[in-house]
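Mind looking over this structure? Questions follow.
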Amino acid sequence: MSQNLGKIRSPLDMEPLAIEVHDVESASRSRSARNDLILICVFSAVVLASPWLLAPFGAAYPDLLQRFCIFGIFAIGFNIMFGLTGYLSFGHAAFLGIGSYAAVWSFKLLTMNVIPAVMFGVLCAGLFSALIGYVCLRRAGIYFSILTLAFAQMSYNLAYSVLTPITNGETGLQLTLNDSRVLDAASGIDPTSSLPVTNLFGMKMSGYPGFYLCAIVLIISFYISIRIFRSPFGMMLRGIKTNQNRMSYTGINTRPYLLAAFVVSGMYAGLAGSLMAVTDPLAGAERMQWTASGEVVLMTILGGAGTLLGPVLGAGVIKYFENIFSSFNAQTLHSAFSFLPDGLAEFMVTITHPFVGEGWHLTLGVLFMLIVIFLPGGLMEGAQRIGNMFSGSGGKSEAESPAEQTKPAE
Amino acid sequence: MDAILLQILNGLDKGAAYALIALGLTLIFGTLGVVNFAHGALFMLGAFCAVTVGKLVNYQVVTLDPTRTTPWGTPVEIRTPIVQEWFGDFGAFMVEYSVPLSILFAIPIMLLIGVIMERGLIQFFYKRPHADQILVTFGLAIVIQEIIKAQFGANPIPQAAPDLVAGSADIGVLLGFDPGTVVYPYWRIIYLLFSALLIGCVFAFLQFTTYGMVVRAGMADRETVGLLGINIQQRFTVVFGLAAVVAGLAGVMYTPILPPDYHMGMDFLVLSFVVVVVGGMGSLPGAVAAGLLLGVLQSFASMNEVKNILPGIDQIIIYLVAVVILLVRPRGLMGRKGVMES
Amino acid sequence: MSLFDDNVSRRGILKTGLVGAAVATAPFHFVRGAGAADYLNMPKGKSVIFGFNVPQTGAYADEGADELRAYKLAVQHINGEGDGGMLNTFTSKALKGNGVNGKKVEFVTGDTQTKSDAARASAKRMIEKDGAIMITGGSSSGVAIAVQGLCQEAGVIFMAGLTHSNDTTGKDKKANGFRHFFNTEMSGAALAPVLEKAFGTDRTAYHLTADYTWGWSQEGSIKKYTEKLGWNTASAVRTPLGAGDFSQYITPVLNSGADVLVLNHYGKDMVNSLTQAVQFGLRDKQVNGKDFAIVVPLYSRLMAQGAGKNVQGIFGSTNWHWSLQDEGSKAFVKSFGQAYGFPPSQAAHTCYVQAILYADACQRAGSFAPCDVGKALEGFKFDGMGNGATEYRAADHQCFKDVLVVKGKENPTTKFDVLEVVEVTPRAQVEYPPELLGGQLGSCNNGA
Amino acid sequence: MAILEVSGVNKSFGGLKALTDVNLSIEQSSVHAIIGPNGAGKSTLLNCLIGKLEPDSGVVNFDGTSLLGGITPYNINQLGVCRVFQTPEVFGDMTLLENVMIPSFAKRDGNFRFNGWGAVAKRGEVNDEALAMLEEVGLVEQRNVITNALSRGDKRRLELAMCLIQHPKLLLLDEPTAGMSRADTNNTIELLKKIGERGITKIIIEHDMHVVFSLADRISVLAQGTVIVEGEPESIKGDPRVIEAYLGGELG
């Protein structure tokens, strides 16, 4: 790059630009590329090592770890729409559900191998999101949100009732012994007397292998999301978020950009949904309900919308709360505070009890309010503030890398 | 014909509830520019005002009778309703009419809750993005809901309408139908009239008081009103309180129709949001019209004749209508340009 | 408890420097452990862990809370604490009040939220993380079927809680799943004679049905048996789950010519639809010269309480009621009432019984291996658990026992005293051949 | 040769007539100023040229293509029309560099191109061109600053850069120097003159007569929605109708 810098001239044919500017610029460009590399490496390491890292927190069991990954993927995808374009979809859970149903049908009709199931799930979700996105993106702002909500609620209500032949209603679509599974049958895999399990070319996809599959997909998804963030496409999406009018007066047709982003994020949702079916081959209609869509909104904002890591972090925190806090009861609290003197332990149990077990929603509600009130940029903003605190109050580092300081936290 | 008439009544009834919640939502949005996801919770809190009053007037002193035991071997509890003990006939009257009486109780309580909410939380969010407002009020809604659940349990708590109006009226006779073909519960008729009255009061308040004038001006152009030097903050607080009272009273009066539980607010919230948007964000007549319209359509869609042709239509009709209206009329039935689009 | 003990011990290991070993083996515990043990989550220490998966939030939270109370009581009784409850009246005397197979029973809890997804997630957590040997509980058929499927795949026993749909032990039955609660087929068979006696054979019924598995199942069964009586079915309308206001579904009943309204609703839906039907004057109505009647085929005391006065005189069926006077019921009501101050619900009863039956089967099998326990449960005959002589039928893992037909009490003496037993329909009358409901059990799964 | 032909354009809002039979003919490479009192319809006219508003009747032809009849703003821009707004329309949450890169991409890649894989950083030529452009308007030092932090004058210069990088055929400037210091105004005039040398046709709406007379080749005076005078700057200066329009309305 640097050898042709000298030849670059101003578009208006003015004097050649000062070379130092370019040197600084290309250095910072390669630095940001290096930062991304470091980010993805650290991210991969943390994700793959999470069974060990999370053990002290009581979260190191396959089902929850899988959920962290799956909802991480879901939130990353949602963030591509909401974080980049600012369009708040309240119907993304529908695509997740569609991905799940499609994957389970693939298990039922074709094969227990996960590859076709995931592909089929992503494809179906992509098609649906293209369809719904095409209609909903005719409107912006809250009207867009309500349109997506309406479509998702319709999908949910229909899945719950008249579409039961496809969705098996409230019970959820399950595998049965008499499913055809034509590919498995053709390749001579005997139908056993008990239910078959999902596999990747013979490797069972439940438990830890299932987690590692999800983890690898999560890492790939994260990598793709970095690419999208850094691409001209991502820049256009951010431009739409910042000033959609200017975009059109700048010669950009925003709707295909939005639709592309919507479809990409719908496919992410479908991917997450099909992975849910891979790790647990049941697809329930509840995962399409508006509250499920609301959950991914919360995850994204909690972590930090528009940041790369935030949504994954938010998904992790919420799923952790849901699974761990709801399983606490008075007994566990007593043993947790048993190190305290009796009276104090009793007191601590009394004040914490309403927030755990069946009251875990209360914790969730309070947490959100605190985050939104004090950390509007989500957990990533919090992390950044703490980071700034430790690296001294701005000063040198800020001067060195103004880009990193002023861009949204990443 | 009789079936259609009944369905219209059903629809208006349901629609009135949507309209009352939507009215407050759109009032808050139009004046304060805040998307209040906790509005359903206010409706629910209103309903629980009635539950509280019901509990208070039915308060019983429990004494143990050691001479008799329950099947599980503990002494039998003797419950004495003290309100009736103390006040005699008036006490009985209070028990009987606890739901209508709750209105008197709910007005100050809801006003107070509204003011506390606005002063304590909402006012810090006027300038924040809508997403933040949605999130913080959603969090608040969850917190309120969980507190109510912890206090009153998860099951619905039925509230009886006064015996005088517990039955149903044969309104068909008035209109020339055969007796017994168009009967409708008295309480639902009362609810409908009450809602109309409440909507009327809100409009009158906005039309004829100086507060209302400021509010209307504020809905038209918030910045200008700010420049007039009027104490806009105080007005905002009052508007919020008013919206809370309207939602609360809707909740109080709805209790004999639907036994309240902690989750009822969320159930109504989503639909009310659809109503607000279909009516047009920030449009009060739009909210009322859309509420009633969607209520009636929902009732019609539930008729067997319709369901036989379009199975499942009753489950999606509201959303379907919302989609169609938003595509045909971009800003809802009566929305103004430029609201909430950027 | 187990959750935290686990953590504490793990921290201890870390401190003692066995970091590498502990950390390296932890995640593969289940994969490799499965090969090493005979079956999944084989208890190794002095205790065995039961997983209680009940709705703690959502529409059935109160039932879930009652279920949990019953489970805690059952655990106490199995471990020899408290007064022993129905263990004293249970005909099998295998349990000695010293735990099961010499191991103390501990438990973990999860929240089903009455959603299939959430229920499976919490069941998975209890199996994978907490090492639960058995999952039990729930208050909805959809959830029961979903969790039963999971337990079959994972290889643990599922003892269903309150689930009334035929499918649980019919179309969707599984070798690892067992149900004590009755089903809609039995409700229909038990209700029909009582309805005939009360309302005659010339009736036209109008069904409002909750639009999901259980609703359809119940609608089908009630239709089948009432039509056998000679009743007509005017219409069967599906209502969305959790509709809240049912007025738009009730008004068409008024002039439909029907003289009986069958409410195939449960929980909140039943409370609302019944209350509203009464408000619309249906109970005071005269059609075809007959008094209009409402039937609620599946009753629960908690719901009857919710509907208040509206349930008075309305027929339905129930699995168990606390006012029963047999020794088993009395013993259970006594120990439950003394512990919590109010009588148990049918959900509490069925859950308590399921926990005891499971423990007893393990004791008799001398093992916790699902296939051994399953064998011990299959065809098991017992009495003294509140429902008279009962059998766990081997062919479909469904308990067969007497069914209660109840009626809303006209003059309740306390707020718990809302239902009266009209008839105890003997088991023979509600029994059906296992092929009737279809499905395949498959083979049992030890998870190894 | 006229690059832009506006003839018989009418536009009313409700009962209010904003534009009445407006005719304009803009010569290629010329600088055409539109002046007039507040509320004369100047901005409305510009809005009709960029597709923000659709006139009720009339003809607007740019370089042989009609700009009316449902043609979208982005298509108009792709034809080579770019506008600098009175209140700067910039990407406030993005850096200056990104602000300039977006129009550059729009120029290069057309109104839509799904390029979600190649990194922006790999498109070195866009980056270099954007830097050069920022250098041009004197904002290169602040290239990594978030735009919202800029002063209004700087934002307008940035917006100018965003238009210039697209090499537009027609540049619409809506009060390009409003709110600028005298020094900044002079810089801007210099800058605009430089652009003039590149042959970009410009329409300028301006209240500052100093700016108008230093730049404009021709001037149209708009009052109450209609063009009352059009001519060379010298002839406009003394025209009594212009003075009357300003004094009768509001003094600019």
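As written, the chain order gives the labels A, B, C and D, with residue 1 at the start of each chain.
Here is the rule we use: contacts are C-beta pairs under 8 Å (C-beta built on N, C-alpha and C of every residue); 3 or more make two chains touch, one makes a residue touch a chain.
The structure presented is a predicted model; accordingly, all values stated were derived computationally and were not measured.
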Most central chain, judged by mean C-alpha position against the global CA mean: A
Chain located farthest away, centre of chain C as origin (C-alpha): D
Comparison of A-B and A-D (more C-beta pairs in contact): A-D
Interchain centroid distance [CA atoms averaged], chain A/chain D, Å: 42
Inter-chain centre distance, chain C versus chain D - centres from mean C-alpha coordinates, in Å: 73
Cα-centroid distance, chain B relative to chain D, in whole angstrom: 52
Rounded Å distance, chain A centre to chain B centre (Cα mean): 35
In chain C, residues with contacts to at least two other chains: 57, 61, 65, 238, 240
Multi-chain contact residues (two or more partners), chain A: 157, 160-161, 361
Junction residues of chain D, two or more chains touched: none
Touch relationships between chains, expressed as pairs: A-B, A-C, A-D, B-C
Residues of chain A defined as touching chain C within the complex: 51-52, 55-56, 58, 60-64, 67, 157, 160-161, 169-172, 174-178, 193-195, 197, 206-209, 280-282, 284, 286-287, 323, 326-329, 331-332, 335-336, 357-358, 361
Complex interface listing, chain D residues touching chain A: 50, 52, 72-74, 77-78, 82-83, 89-95, 98, 101-103, 105-107, 109-121, 123-129, 131-133, 135-136, 140, 143-146, 149, 162, 164-167, 194-195, 198
Complex contacts: residues of chain B adjacent to chain C: 2-3, 6-7, 9-11, 13-14, 70-74, 149, 153-158, 160-161, 166-168, 180-181, 183-185, 187-188, 256-259, 261, 263-264, 267, 298-299, 302-304, 307, 314-315
Residue ranges of chain C touching chain A (in the complex, touch as defined): 1, 3-8, 10-11, 14, 23, 26-28, 30-31, 56-57, 61, 65, 108-111, 115-118, 120-122, 124-125, 128-130, 140-142, 145-146, 149-150, 152-154, 167, 172, 175, 211-213, 238, 240-241, 440, 442-445
Complex contacts: residues of chain B adjacent to chain A: 35, 121, 124, 128, 130-132, 135-136, 138-143, 145-147, 150, 270, 273-274, 277, 281, 311-312, 315-316, 319-320, 322-323, 326-327, 330-332, 340-342
